[in-house]
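Only one structure is covered here, and it is reproduced in the block below.
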Amino acid sequence: MAKLTISELQKLREKLAQERQTREGNARGQIIIHMGTCGIAAGARKVLTALLEAMDKQNVRDVIVSTSGCAGMCSKEPMATVQLPQQAPVKYISLNEEKIVRILNEHLLQGNVVKEFALAVGSERMG
Amino acid sequence: MIKLRIDGNEVEVNAGTPLLKAAQKLNIEIPTLCHYEGIEPYAACRVCTVEVVRGRRRRMVTACNYPATDGIEVFTDNERVRRARRLNLEMLLGRCSEVPAIRALAAKYGVEKSRFGYDPKEKCILCGLCVRMCSDIVKANVLSFAYSGPRRKVVTPFEREMATDVCIACGACAHVCPTGAITIEDLSQRRGEVPEMYLGPKTAISIPFQQAVPKVPYIDPDACIKMQTGGCGICAQVCEPEAINYKMQDEVVELDVGQILVATGYQIFDASQMAQYGYGKLDNVLSALEFEKMLNSTGPTGGRVLTKNGKEPRAIGIIHCIGSRDARYHKYCSRVCCMYALKFAHLVKDRTNAEVYQFYIDMRAFGKGYEEFYSRVLDEGVNVIRGKAAEVVEATWGNEREGHLLVRCEDTLIGKFREVPVDMVVLCAAIEPNVDQERVGQIFSLSRSPDGFFLERHPKLDPMGTVNDGIYLAGCCQGPKDIPDTVAQAQGAAARILAMIAKGEVLLDPIRASIDENLCGGCKVCNNLCPYMAITFDDVKKVSVVNETLCKGCGTCVAACPAGAITGSGFTDEQIFAEIEGILADAGNK
Amino acid sequence: MPYRLHMMVCAGTGCVSNRSLELRDALSAELARRGLDKEIEIVTTGCNGFCGVGPILLVQPDGIFYQKVQVKDVPLLVEEHLVKGRPVKSLMFTPPEAKEPVPRMRDIPFFGKQMLVALRNRGMIDPEKIEDYIARGGYQALAKALTTMTPKQIIEEIKASGLRGRGGGGFPTGIKWETCVHAHSEDGVRYLVCNADEGDPGAFMDRSIIEGDPHSVIEGMVIGAYAIGAHQGYIYVRHEYPLALKRFMIALDQAREYGLLGKDILGTGFDFDIEVHRGAGAFVCGESTALMASIEGRVGEPRAKYIHTVEVGLYNKPTVLNNVETFANVPVIIERGAKWFASIGTEHSKGTKVFSLAGRVKNTGLVEVPMGLSLRELIFDIGGGIADNGKFKAVQTGGPSGGFLPEDLLDLPVDYEKLYEAGSMMGSGGVVVMDHTSCMVDVARFFVDFLQSESCGKCTPCREGIKAMHGILSRICDGKGSEADLATLEELCSVVADTSLCALGGSAPNPVLTSLRYFRSEYEAHLQGKCPAGVCRALITFRINDKCTGCHLCFKACPTSAVLGEPKQMHSIIQGKCIKCGACYDVCKFEAVTKE
Amino acid sequence: MAFEPKIVGFLCNWCSYTGADLAGVSRIKWPPNVRPIRVMCSGRIDPTFVVKAFREGADGVLVSGCHPGDCHYYQGNYKALRRYHLLRRVLEQFGIHPDRLMLTWVSAAEGERWAKVTQEITERVRKLGPLHLKD
C-alpha cells in the first residue's frame, strides 16, 4: 500500500464513508422488499438480487434495502415499499427485475413515483 | 544563587540545592535515615519531611531531594512536620522495634512504643541505601529489592543465602546501613591491607601511616571499587579541590642526573619461615612491625595493646633475633632489634600491667644513651631471659595454662629449660636485603657484600660511596642500621653529592684508550667491541677514533686490536709487561 | 454488490467472554448457507459498553439492538429479521421499568443519556480495519493539524478546550504539553507516552477504547507528538489486556502501512512512531514515574516528582504522559474546535468522561457522559438503579483509592473539584455502587488491603502506614476495636496522605477517611460489637427462628455440621461450631435463618 | 725446599681486585704464591700478557673477573672467557699444560672465595710442578 498524502486521505475517506453509509443509518431513502413465503415464491428473491446488482452497477450506496414479511396482498407479489424522508411510503406491486430497476432510478434516485407499478400511497397503519 | 527562608532564617544557595543541604548551611539539623552523601536521594524514609510554603501553597516535601527555589519558606520543625516525623518513626519502630538507631530517633520525637506493631527481630527499614550503594555506586548489582508492599525486602540474586560469586565483599552496604541490618562475614582474608598488618580493616583510601612523607592519602587499587568495577567515585564527588585522579598509572620517569643516591631500603624477614614460632598460625603472635602499628595511637587499636579477642594481655614475650644471627638464615646481626624490643617493653609497661619477657642472645645496646635505656627498662621490671626461644606453642587442652601461648627456651644464665606462659608474642624479625636487591645492583653496577646488601667503596674510608663515581648509598640497603646511623650516612652522602655539584666539574680517571692513527688498519673490530660506543670510525681517514669522554678505560679494545694500534693509558702493554717482569723477577734464577 | 445490512457483533472483552465470536462465526455460516453473505456484512466491533447484557448484536441501518444473543438463536434471527424483516422481540432489551422490549439502541436509556466523544466510534467500526475508522472521519484531525496548524496553535487549542488528564490527576493537558515544549532538552529529544496501564479493579475504559477504537488513540498521540516535537512514542499497555494489545498492534501496522505513522507522515515530513511496552500488571506502574522506570527496564517504583516528568521524564528527557482517554479526545477537539469541546461540561471540567459502572447497579458497563452530570443520573438513570431492588448506600468513584460518597451527596455533579472536595476523586473513572448489604468498614478494609499489596513498598508511610491501617480496620471488623483506634486511624490517614511519595499513598487513605466521615456510625456500631450490614463474621450470629419448616436444606449445606435437627423438625445452630459462612442463610427458602 | 709455584694473577679492578683487598682487610690468609696484577677489566687481558707471564717464569696464571652479568663494563668478562678457551688450546700447542691457566670469577664481596681460588690454583700448579720456561 502506497503511503497516503493529505488529498489521498481525503479521497479515501469519501470513498470508504460512502461504502459504509447505510451502516450509519444515513440514506436518501429506503426500499423494503416484502419477502414473505408468498413473495419469495413469486420471485421476490430475484427482484432483491436485481435491485442490489443495479445499485452496485450504478454505485448507489445511500439507499437502505430492507426486507419484510408478507404485505398481505399475496396475489400481487413481489411487492416493495419505497420510503423517502418526509414523504408517505409508496407501495409497488407485481414487480420483476426490470421494474425494480426503474423504481430505483426514477423514484429512489429522482423522487418521481413510478405510477404504473404503484399500488397506493401510504401504509396500512398510516392510512 | 537564590534566597529562601528556613525556619525564619534567610539563606542563599545555588538553585536546585536540596533543602537538606541548604539547612546544613544554617546548622539546622533535619533527621534522615535513607540519605547518604554521594548517593542519589531516594526519599523513601520520609523522616526528613519538611513543610514548604510557596505562595499560597503549603505542602509536605522531603528535604533530601526537594530542590531549593527562590523565595520559598521552609519549616523544618513545626507541629505538622513533627507530627509527620513522629508517625513515620512510630511506623518504623513498629517494624524494627529493637534497633537502637530507630529507638533513639523515635524517642527524640516522643515515641517510646509503637502502636503499629512490635518486631524485635527485624532490623531493616528498607531505606534502600545498601541497594543504591551496591547498584549505583559500587555497580556490583548484588543487592536489590524484591516483592512489593509490606512484603518488600532486600535480597541477593535469587534470594540465595550467599551471593559470594557476585558480591565483591566491599562492605559498602554494611557501612551505609543505618540500622546495622547488614553484617559482613569474613570468608577470606580481608582486602586492602599491607601484608604485615592484618590487624584491622582499612579503607581503600588511607594515609599509609601518620609519619608518611608526603602525608597524603592514597588509593589502594586492589580495594578501590572505582578501579575494580567502575562504580563508586564518591571520593571524587566529595573532594572539593578535585584532587582525586583515578587514571593515575605507574609510569617510568626518565631523568637526566649526574649523581645517584641509592637508598632502596630493606625488607623484613618472613617469620613464618620459622614454623616453630607459630607466626601466621597462632593468634597473637605478631611481627615487630605489627606490634609497632598496634602501639601507634593512630593505629587500628588506637594505641592499646590488645589480643585478638580484644583483651589486654597479662604477659607478652618478645623474642629477639628471628632470622638474624642464625646460621640457617642470616648470620649478621640486625642491629636495631634489641633497642626497639626494649622500647616495646617500655611502652607495654607504660600502657598495661602486663609482664614483659625478653628472650635474647646478647643485648646490644651500643649507641649513645642506649645502655642507659636498657638499665631503665630493667628497673621497670622487664624480665630478660638470656637464651634464644626454641618455640612458641599454644597450651593444649587440659593444660592448666590452656589458652595461653607458651614460649620455650633455655635460660643460659641459670642453665635451665623454661616454659613461659604469655598472651602475646612479638617476633623481632631480621632486616634483610630486598628481594630485588640483585636487580637494583645490576642497574647501578653495584657490588653486594656476602650478606646481600650493597657494598660500599670502603668500609672505613668511604662508607657511603660505591665503586662507581657519583653513586652513593644510604640506609639499610647498605646494611642494617638504626635511624641515627641512617641519617648520618644519608647526610654524609648528600654532602658528597653537594660537594660534587658545587665543584661544577668532574675529575675523571685518566685511564683512557687511544688509537694510533698510523697503526690503525681500519678493521673496525674495536668499533663493535666497545660497550660504551666510544669508538667510531672516521670515514675520511679510514681509521677508528676514541671519544675520550665516553671511554671508561676498560681496555677491551686494547686487548682486541689486531694491529696493536690502541693503547690504554695507565695500562699499556709495556707497563703490564714491565709489571709481569717485575713480579717475576725472582723466577728462573735459582 | 453493496451490503444492505450490517450486523455489528460486539467483540469487546465482555462480549467475547460471553462467546460473541462463536456467535459471529455461527452467523456468518448461516448467512453463507442462505446465500445472504453477499448482501449482509458482519462487522466485529469494539465494546459497546453495555457489558452486562452481552453478547450484543446491532443490526444497521435498522438500529435494532439485540442482547444476550446465543448461537442457538442464530437460525431464528436470520430467518425472521434478515430474511423476513421481522425484528425478533425476544432478543431485545427490556429496561427495568418497561414492560415492552425496546428495539432501537438509541431508545434504551442506558445509551440515550450518553454523549460519545472519546467513544465516538463505539460499536460502529471494526477496530481491526483502519478503513472503518477513516470512513468515519478518522485521521482528518491529524491531516488538519499537520497541514493547517502549528504546534503552538495545537497547544493553544487544547488549552482552550479545557481538556484535563483523564487518568486521574486532572492536570490540564494543554499546559502539560506547553511545559514539555518549554522544558530544556539538550539534544531536543522529547517523548510522548500513552498510559494504558489501567490498574483500577473494575475500571476498563482504556481497555475498551483501545479494543474498540485503537486508531483514535494513535491519532491523538501523533497530534500530541507533533505539538510537542516528539518523534518517538510509547504506549504502556498492561499484559492482562491481550485483546487490546493485539488490536493496537494491528492498528499500528495499518497506520504505518498508510503512512499515518513512521517517517514522513502524510507527506508532511513529520516523523513519529509508537513502540508498545507491556506492563506486568503492577498497580503502581500507572503512576507516571513508576511507569517510565518500567519502560526504561527498571523496577516500577515511583520517584519524587519535585522535578516533573514533563521536564525530566523518560530517559531523563522531557516527556508527556497522557492517558488513553485523553488522547482519544484530542482528535475530536482538533476537528470540532476547542469551543465546541469547552461548551460541554462544567466550569473547570470540560468535555465528557467515560465511567465504568460496576457494583450493585442494574446496568453495569461503560458509559460516556458529559461532565457535570450528577451521580444520581449516572447511577439511577443510566445505571438503572440498584440491583435486586436493594437500597443505595454508597458510591466509590475513582478506583480503589477513591472515597465513598453517601446518599445525600448523590446530586453532586461529576467534576474534578467537586469530587475532590467531597473526599473522593475523579480518578480514571471507576464507579462502584454499594447497597445496604455492604459494610463500609469491611469495604474500606478490602480496598486498603488491595492498596497495601499494590504499594511498591518504597516509602515508609505507604508501606507501613497502609499496613497499619489495615491492621486497625481488621481489628475493628473483628470486634476488637476501641475508640482510640478511630483517632489513631484518622491521625495515620492524614500523615500517610501528607508524607507519601506518590499518589498511591497520597490517596490511599481516602476510603478510610470518607468512610469515617460519612459512615462513622457504622464504625461506632462495630466498636459496640455490631455489624449493621451483617458482613463482618466476628460480629454476626446466625440463628434459626420458628419459620423453619424442617426442610433440612441448611443441614445439608452446612460445611461444619453446625446445624442440628431432624427433617420436618425445627433446626438449630450450634454457635460454637458455626464458622459464619452463611451457607444456611443462602439456602433457606423460608427466611428462617436470620443474621444479626 | 718444597716447590713454591709462582703464579701471576690478573685481576679486574672492580670485582676480583676489590675481593682480594677484602680478603686482606678481613685478615683472610691466602697463598702468597699468587702475585696480582691489576687491570681495569678482565676484558683488557691480552693473551700475550699470559704468554709473557709464562715466559718470564710464571708456573701458573690466574685470570679473575667479575661474575657473569656483573661486569663493570657490561661484557668485558665474557670477552675474557672467549679468549681463555682459545688460549688454552694455544698453550697446549706451546707445550704448556692448559691447567696452568685458570679463569675464575670473584666478586668484590667474596674475600673468602678469593682465598679459596688462590689456594686451588696454587695446589694445582704445585702438582703440575715447575714450568722452567725461562731457563
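To keep things simple, chains are lettered A, B, C and D as they appear, and every chain counts its residues starting from 1.
Just so we're on the same page, a contact is a pair of C-beta atoms (placed from the backbone, for glycine too) under 8 Å apart; a residue touches a chain by one contact, two chains touch by 3 or more.
Computed from a predicted structure; not experimentally measured.
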| item | value |
| --- | --- |
| Farthest chain relative to chain A (centres taken as mean CA coordinates) | D |
| Computed distance of Cα centres, chain D from chain C, in Å | 109 |
| Averaged-CA centre spacing for the pair chain D and chain B, given as whole angstrom | 49 |
| Centroid distance [mean C-alpha coordinates] between chain C and chain A, Å | 42 |
| Between chain B and chain A, distance of the C-alpha-averaged centres to the nearest whole Å | 102 |
| Graph class of chain-chain contacts, one of line, ring, star, complete, other | line |
| Chain pairs in mutual contact under the definition given at the outset | A-C, B-C, B-D |
| Contact set on chain C toward chain B in their complex | 282, 284, 299, 301, 303-304, 306-307, 452-461, 463-468, 471, 488, 491-492, 495, 498-501 |
| Chain C to chain A touching residues, read off their complex | 1-6, 8, 38-39, 41, 43, 60-63, 82-86, 124, 131-132, 134-140, 143, 146-147, 257-260, 264, 266-268 |
| Complex contacts: residues of chain A adjacent to chain C | 1-6, 9-10, 12-13, 16-17, 19-20, 22-27, 32, 34-36, 48, 52-53, 55-56, 60-61, 64-69 |
| Interface residues, chain B side, partner chain D - complex | 442, 445, 447-450, 455, 459, 467-468, 511, 529, 531-532, 552-556, 558-560, 568, 570-571, 573, 576-577, 579-581, 583-584, 586-588 |
| Residues of chain D defined as touching chain B within the complex | 6, 8, 14-15, 18, 25, 35, 37, 39-41, 43-49, 52-53, 56-58, 69-70, 72-76, 79, 83, 107-110, 112, 132-135 |
